[in-house]
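Every chain is named by a letter (A, B, C, D and E) in the order it is written, and numbering of its residues begins at 1.
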Amino acid sequence: MVTLQHYLILSAALFGLGVAGVMMRRNLIIVLMSLELMLNAVNLTFVAFSRYLGGLEGQVFVLFIMVVAAAEVAVGLGIAVALFRQKGTVNINEINLMKW
Amino acid sequence: MVQIKLPEIILTGICPALLLCGAGIIALMVGLFLRKGTIGVSAVISLVGVALGFLANMPLRTMKQIAFNGMLTVDAYSWFFNMLILIAAGLTILISTRYLFDQGLESYEYFVLLLFCSAGMMFMVAGNHLLTIFIGLETLSISVYVLTGIMPASAKARESALKYLILGAFSSAVFLYGAALLYGSGASLSLDGLAKYFKGGQVSLMASAGMVMLIVGFGFKVAAVPFHMWTPDVYEGAPAPITGFMSVGVKAAAFAAFARVLFEASGELPAIWTNILWCLAALTMILGNLAALVQENIKRMLAYSSIAHAGYLLIGMVAGTPEGTSSMLYYLLAYTFTNLGAFGIVALVGRQGEANVMLDDYRGLSRTHPMLALTMSLFLFSLAGIPPLAGFVAKFAIFKSALTQGYIWLVIIGVLTSAASVFYYFRVVMKMYMEAPEEELAAVEFSPGMVLALAVAAVVIIYIGVFPTTYLGLAAESVKPLF
Amino acid sequence: MESLPFPILTFITFVPVVAVLILLFVNRKSHDLLRSIALIAMLADFVGSLFVYAWFDSSSAAMQLVESHPWIPTWGISYKMGIDGISLFLVLLTTLLGPIVILASWEDIRVKVKEFLISLLVLQTGMVGVFLALDLFLFYVFWEIVLIPMYVLIGIWGNPARRLYAAIKFVLYTVVGSLLMLVAILVLYLTAGKELGEYTFDLLKLYQAHVPLQAQFWMFMAFFLAFAIKVPMFPFHTWLPDAHTEAPTVGSVVLAAVLLKMGTYGFVRFAIPLFPNAALDATWWICWLALIGIVYGAWVAMVQSDVKRLVAFSSVSHLGFVMLGMFAFTAQGLEGSILQMINHGLSTGALFLIVGMIYERRHTRLIEEFGGLSKVMPVFAVLFMVFTLSSIGLPGLNGFIGEFLILVGTFKVFPWYAVIGATGVIFAAVYMLWMFQRVMFGEVTNPKNLVLKDLSAREVVVLLPILVFVVWIGVYPNTFLKPMEPSVKKLIEQVETKRKAVAEREGSADRVVNREAGTTVAASLDGTRLHGKTAHEERSEWSK
Amino acid sequence: METILFYILAVITLGSAFFVIFLRRPIHNVLFMILTMIGLAGLFVVLQAEFIAMVQLIVYAGAVMVLFLFVIMLLNLEAVNLPTDSRSYRWLGGLLIMVLAVELMIPIFRSFSGPELTAAQAAEKLSSPNNTTLIAGELFTTYLLPFEIASVLLLAAMIGAVILSRTKP
Amino acid sequence: MIDLVWLIPVLPLIGFLINGLLARRLNEQTIGWIGSLSVGGSFVVALLIFRELLGMDPATRVREVVVYNWMTAGDFSVNFALLVDPLSMVMMLVVTGVGFLIHVYSIGYMHGELGFRRFFTYLNLFVFNMLLLVCANNFLLMFVGWEGVGLCSYLLIGYYYEKQSASDAGKKAFVVNRVGDFGFLVGIFLIFVTFHTLDFNAVFKAAPTIENPEALMTLITLCLFVGATGKSAQIPLYTWLPDAMEGPTPVSALIHAATMVTAGVYMVARCSVLYALAPTSLLVVAIIGGLTALYAATIGITQFDIKRVLAYSTISQLGYMFMACGVGAFATGIFHLMTHAFFKALLFLAAGSVMHAMSGELDMRKMGALRHKIPYTYWTYLFGTLAIAGFFPFAGFFSKDEILMYALMRHPAFWVMGALAAVMTAFYMFRSVFMTFCGESRVEPHAAHHLHESPPIIIVPLMILACLSLVGGFIGFPIVPGWNHFGEWLTPVFAPAKAIIEHGHHGAHLSVNVELLLMAVSVGIAVVGLLGAYWAYIADTSIPDKVIQGLPEPHRLVYNKYWMDEVYDFFFVNSIVGFSRLLWKRFDDLIVDGIVNGAAWLTRGFGQVLSWFQTGLVKDYALSILVGLVAVIGYLVLKMG
């Protein structure tokens, strides 16, 4: 019998994985993907809740999240490309001109 | 069949934002079809837009209305912040024009994004529903990401944009997760719903967790420690005027939404949240001020200082009273003029390609440009909270409100750290007045816009510092809707 | 309270600012024009203060010539100025020194003249304001305003070696203290507001409040820190030698003559009357600090090799006297210490001018660089001697009156303190005369000193007015004591009654002993002990 | 039935997400990302959010991931495959994530009791006449304003993407 | 007339002001005469007032003249008021009279000096302060004069400021005096808190009435006496006086012989009532006086510098006066003060004239056989010596004899001390006479060939003083009833004190025969001294060296003034200076200031460390966000869960 908890735990795990990705990957592109992963986890939570509460609010919110996610990806990749042109790398550990 | 019930649409309520968007789109079009000198034109258009927005904002002060099916509230509070945002935008535009020429950045999009960003802020501050707030937030964020990285030549700009974007996305993910938890724990996503839920007692752990995550999300935007890490880098990498705009506009909008969510949701804050805010405030003041002591790059220094100021503003939140919030508003007002002025001068002194943003580049400025140095000192003194400038009255108000609630230790931390802050603010004055430059730098070119902006800022911080009553009054009545 | 048709106090406070506004639009090249404008402004200021003196009714203890307008009514802040016997002469001193410093700097300062004059004028406003403000907020504003010009003065025109260090040290040290005071001010505002039912920063209203003992203690400590740093009292004095040594002549003059008095004045006007119990229970250790300051300052001054540093440390010693007399809290003690503020202002100010004059000629302040100057500069020698003597406290000159009254006043209640303090009189003679001897007597060993010119007319004119007052106070001090008398009396009884009231309310009335009672030696001998005890007991009480 | 479906999809989602994080070569990451999306879409369907599921497939799995793929190709990241970060305090991040997960579990278990996720009337609310219609209705009435703002947002993003990725100003 | 008493101090003040401020380009003569006549003028006024007093009934010879209220603070109020009574009258006359003569003398003596004008300015200022001291009607005003004369002595000792030794001596004088004044000051405080006033008469009236005064009065009087020892160069504060001889000779004569140094005696006499109430202090005064008399005399024997000999003799004579006061014979003390003023001034001025003749030479070993070259000087000096040695009928005889008598009445020990001192005095004074004027000449050639007698302007004052020291004693003629005018004159002043003392122990009166015997003895003493000196310095000049060979150690000890200066330097001067240096370098700079700077640096360092967290790496930033998130949620869970 699947309960709300199942979904919530799943999404929490997904969220955690996303965070882990941001923490651990050096490749800028992958980091962006991990962010997507986090957002997806949130989406899952929303949908699960909307199902549980029987309200559409959550689903609508998910749509907007997707919009935002797409936008962010677009801009993010834009920056990534530009950076790659300038520095020839997508290793975010080498992107530290500014510190302290 | 599903019957469509249209929402009650109150265009006057969102008129300022609409005007900004409109101006933005016009600027975009003109920019697309014009070949040369687009900057001047689009700057003028945006200024007109801002001016109109200002006019359109006037009547909002007296309104108290929930529009668009509870997506938006139009009240004195949003009126105040609209005003603030419009001022910030206006000043930024004035500062930017000449700057863009100097940097050889012939891009009208700059202004377009600036306007969209401001519009986003307006929706954010007026938002009565987490969705509106979130969309507004993202609109401003994305525009700011882009503006941050808009300098094609500079690797720093790109880098800062990237950092900002990644961390921004990260924090909005947290924010959203919080929203989700709130939504799930029976509370709705609209602030009224939340208020109902939280005032109804019987608050579930999940709901509080959600709320805390919202706090984290906002904390990131206002650059509260430990969510501040992006600030120094982004401020350093971004074009000076944008940095200024971020440090006041984004901060103001974020604080506005922050306060609205917190206070509308819960009559007066539960101890737990207050404690969290208390710690955030303390950490922010301490770290911001201390780290600023050792900075050699003025943009970075001002970045840390803006972190510190976020800390002071948080004191107002901790107080959690109308007084506290209103003094926060006044603080933001003062801070807007002061900081934009300061960054204007940073942009000016930075000269070609922002080559001169180190503190040592300010050596002997008083000899080459006495008035400029004087104005800069004025801004710095106001930031340091030296009476009778606006900055002092603002700090005074904040501390007063906190003490009224008995947060004496927080206030003591506040005063001690601001004593430390005197060191780095005065350090700049020292460089300008008391040291001689090694090599002569090229003269600074003024532009009428810049001069106007600086003059206005300087005059205002003196004026509202010496005669703060009216403005304190405005702030006080602007926060009424929240409580 | 009678209100005058003409707001004279506002006038004398803000004339300099007006001058600043004019200066902003004068070409920075035309130095003499700038200087003359500043000079005229300062003179106008002085004349204005003479009117204040003329309109001042020295028989009344009340605040006079009061001007009060609401400023930030929402917070109960008002623009309230007033003057009484305590502040009267401090104001006059400030305005008197105004023109003098402008004149003194006439040839001394050649770079950034405009900025220099502006700083001086702003400084003037700040200082006069501090002495006149009757609203804590207003007071704090003036108090802080003073920082900036002083910082600039030290930092720009100070002598290259360590001016930046001295300047920032001065500012930071002062700011730390005063910000804590700001907190205390706010807390006072709130506590008093609760009691009075009216939230206000109006000093006279706040006097009415009876703050609970513990609160008093903490607030007093905050005020104490702020003022003690400014005075400076013993452990907080280290900024002073640096500031004095690095500052340009007039900087040191103003610093010594007026700025330090802001601290002592703060005690009389704010710390003591607002927190009588805390203040008077702190007497014993504050007196000890003062005494240490007296002796310590004298001894350290004795071995200085730099004239300015020496005078700076002598200030520490002299202000020790001021604090001692103040906290003896008898009529003589208080009047003495107020008069001593003026005296120190005059004589130390003059001494710094003097040092400045030889510094202008020789660009060194090291004692061993000089010697035998009396031969080459007789007029200078005479003036130098007179001011040295006045700072030693020679009867017939101003210094004596102040020190004597202080010691008498102290002796009445704390004989031992007075005795220890009196030793300072000996050491003062030692270090001043030794310095004087090394600078002025002996043969001219250093050829550079042979060609020194004697004082110019301007320099004499600069010193003359001070000389006049030095003698005047010494010969006929009543001119200055009479106006103080009523205010001081009022202060004392006001404090004593309030003190008792609070103590009774807190059920510790038995521990309150009346100072004036201890007039027989025996009684006062254990009076000392008694005070130590009360203070101590209340500490322990608070620790619970 | 539903249970089995859930577990399968959950495994797919988590597993591929895991690979997204821990595989070396970007191309693989993208592909597994797409797989994750698909898994999620499946879960959405199970949760009676058909419209969302579709959008998930089209926007995410389709557009967004393709965009990723495209960039990877463009920058020819096949060559460079960066190992996962081997910084000394990586374990700290891991630990914190664990702690965070635990902290999230606690409220989850605290706040909800009772297994029933599928109340009939809830099902009604979400899908009659059909999910899409309902969402559309909501979107254009209640959420009109956010919807409009979103357009501004997208415009901004578009401009941004353009000026950021262009070489000459 | 008496109401014009303020003229007495004011006239010299005017002189001071004229010479000090206006006399820029006046010539020496004018300046000199302005100075002298201003003092002479006040002498005349003094005389007039004296005549008026004589005309009054002895009981009513007290008058206070309030010039103005000097300062008032709370219950503390002091007038600028002058007191005219027999005692102050005597002092005024002495000060102005002797002062006038010395002024005149100085015109000649200081002729051609660079700072001629400065000299007279200071001199007038001194006279003003001295008169203030003696005329004051309250302790504070007295203190003003007291410090004022101190200042002038500082200035005049350091008159040759280019000489290191001179300026040192000046400083020493002032500082040592300050130590004394400290005691005086404390005394004043005590008096004020006890009596709530500082007016002499009020205090003295009130003093006997307060209950069990003993302890308090002892405290007060001892404090005052500390002041006296400072001013009058008594043990332990005498060291400054010998050095004070660095000043020009007229200064030594006026300040360090005739007037200022006697201020202590005057003050003790003035406070006779208080002292009478405190037997202990009286004893102390007597002992200190006696010891000083002896002690200084011993040193005087060994010195070769003629002025130093006189200086030590001054100290010793002052000791005499204190002893007199100490044994309760205040009038006698004052009497000796006056006579001493005459003959010691005379001696100094004569010595000055010798210097003048010897072109600045002071060492008696380089003199001898001068009496033919400078006869007037010789005779006047001889008169002075006879007077100080106490030969009948010279002034010294009367006063000294009276002192010895009272000493004997108090306690034989005092008499012995006095007698011994007297012998030595006679001895070293004649020693100086013989070494200087008699025997064979040891004058160095360069000085020898312009040996010359001084001009009349120097000689005339000498002669006047010589006469005074010859006849001056007769106004205090003993034994024959009614002949002791001086004693009677002062009776009203000292009556109360006398009463108190006698109430203590009934003053035994000596029979006439005993008195006569004593006189004989004291003349004998003088003769002994004379003969001793003659024997050692005329008859067989080898004796002194033999003595020195005989007991070298004691001699070195005495010759070096018992190394007192060195001891003081070591214990007070050097130790304090050293300690202060330590205080400054180690404590102030390192610790007090160190803490301040340390705090600053600590803050800055902390800031530095904090800024290092800013690694510039995105993931670390994300990490910190994560940390924050975990922390807050953790807190929440702990609180609520």
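What we mean here is this: a residue touches a chain if its C-beta (ideal position, glycine included) is under 8 Å from a C-beta of that chain, and two chains touch if they have at least 3 such contacts.
Being a predicted model, the structure only gives us computed values, none of them experimental.
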Least hop count linking subunit B to subunit D through chains in contact: 1
Any chain that touches subunit D and subunit C: B, E
Count of contact steps on the shortest path from subunit B to subunit E: 1
From subunit B, the most remote chain by mean C-alpha position: E
Chain separated most widely from subunit A, comparing mean CA positions: E
Interface with the most contact pairs, given as the two chains involved: A-D
Euclidean distance of C-alpha centroids - subunit B vs subunit C, Å: 44
Averaged-CA centre spacing for the pair subunit C and subunit A, given as whole angstrom: 65
Approximate Å spacing (C-alpha centroids) for the pair subunit A, subunit D: 7
Centre-to-centre distance between subunit B and subunit A (centres being mean Cα positions), rounded to whole Å: 26
Residue numbers of subunit C (touch at least two other chains): 172
Shared-contact residues (touching 2 or more other chains) in subunit D: 85, 87, 93, 97, 100, 103-104, 106-108, 110, 134, 142-143, 146, 150, 153, 156-157, 160, 162, 164, 167
Sites on subunit B at which at least two other chains make contact: 131, 135, 138, 142, 145-146, 149, 152, 158, 161-163, 166, 170, 181, 184, 205, 209, 232-233
Chain-chain contacts as defined at top: A-B, A-D, A-E, B-C, B-D, B-E, C-E, D-E
Subunit A-touching residues of subunit E, taken from the complex the two chains share: 611-612, 614-619, 622-623, 626
Subunit E residues within the subunit B interface of the complex: 603-604, 606-608, 610-611, 613-614, 616, 618, 620-622, 624-625, 627-629, 631-633, 635-637, 639-641
Subunit A-facing residues of subunit B, complex: 131, 134-135, 138, 142, 145-146, 149, 152, 155-156, 158-163, 165-166, 168-170, 172-173, 176-177, 179-181, 183-184, 186, 188-189, 232-233, 236-237, 300
Partner subunit D, residues of subunit E touching it in the complex: 619, 623, 626-627, 629-630, 633-634, 637, 641
Contact footprint of subunit B on subunit C as seen in their complex: 28, 71-75, 112, 115, 137, 140-141, 144-145, 147-148, 151-152, 155-156, 163-164, 167-168, 171-172, 175-176, 179-180, 182-183, 186-187, 189-190
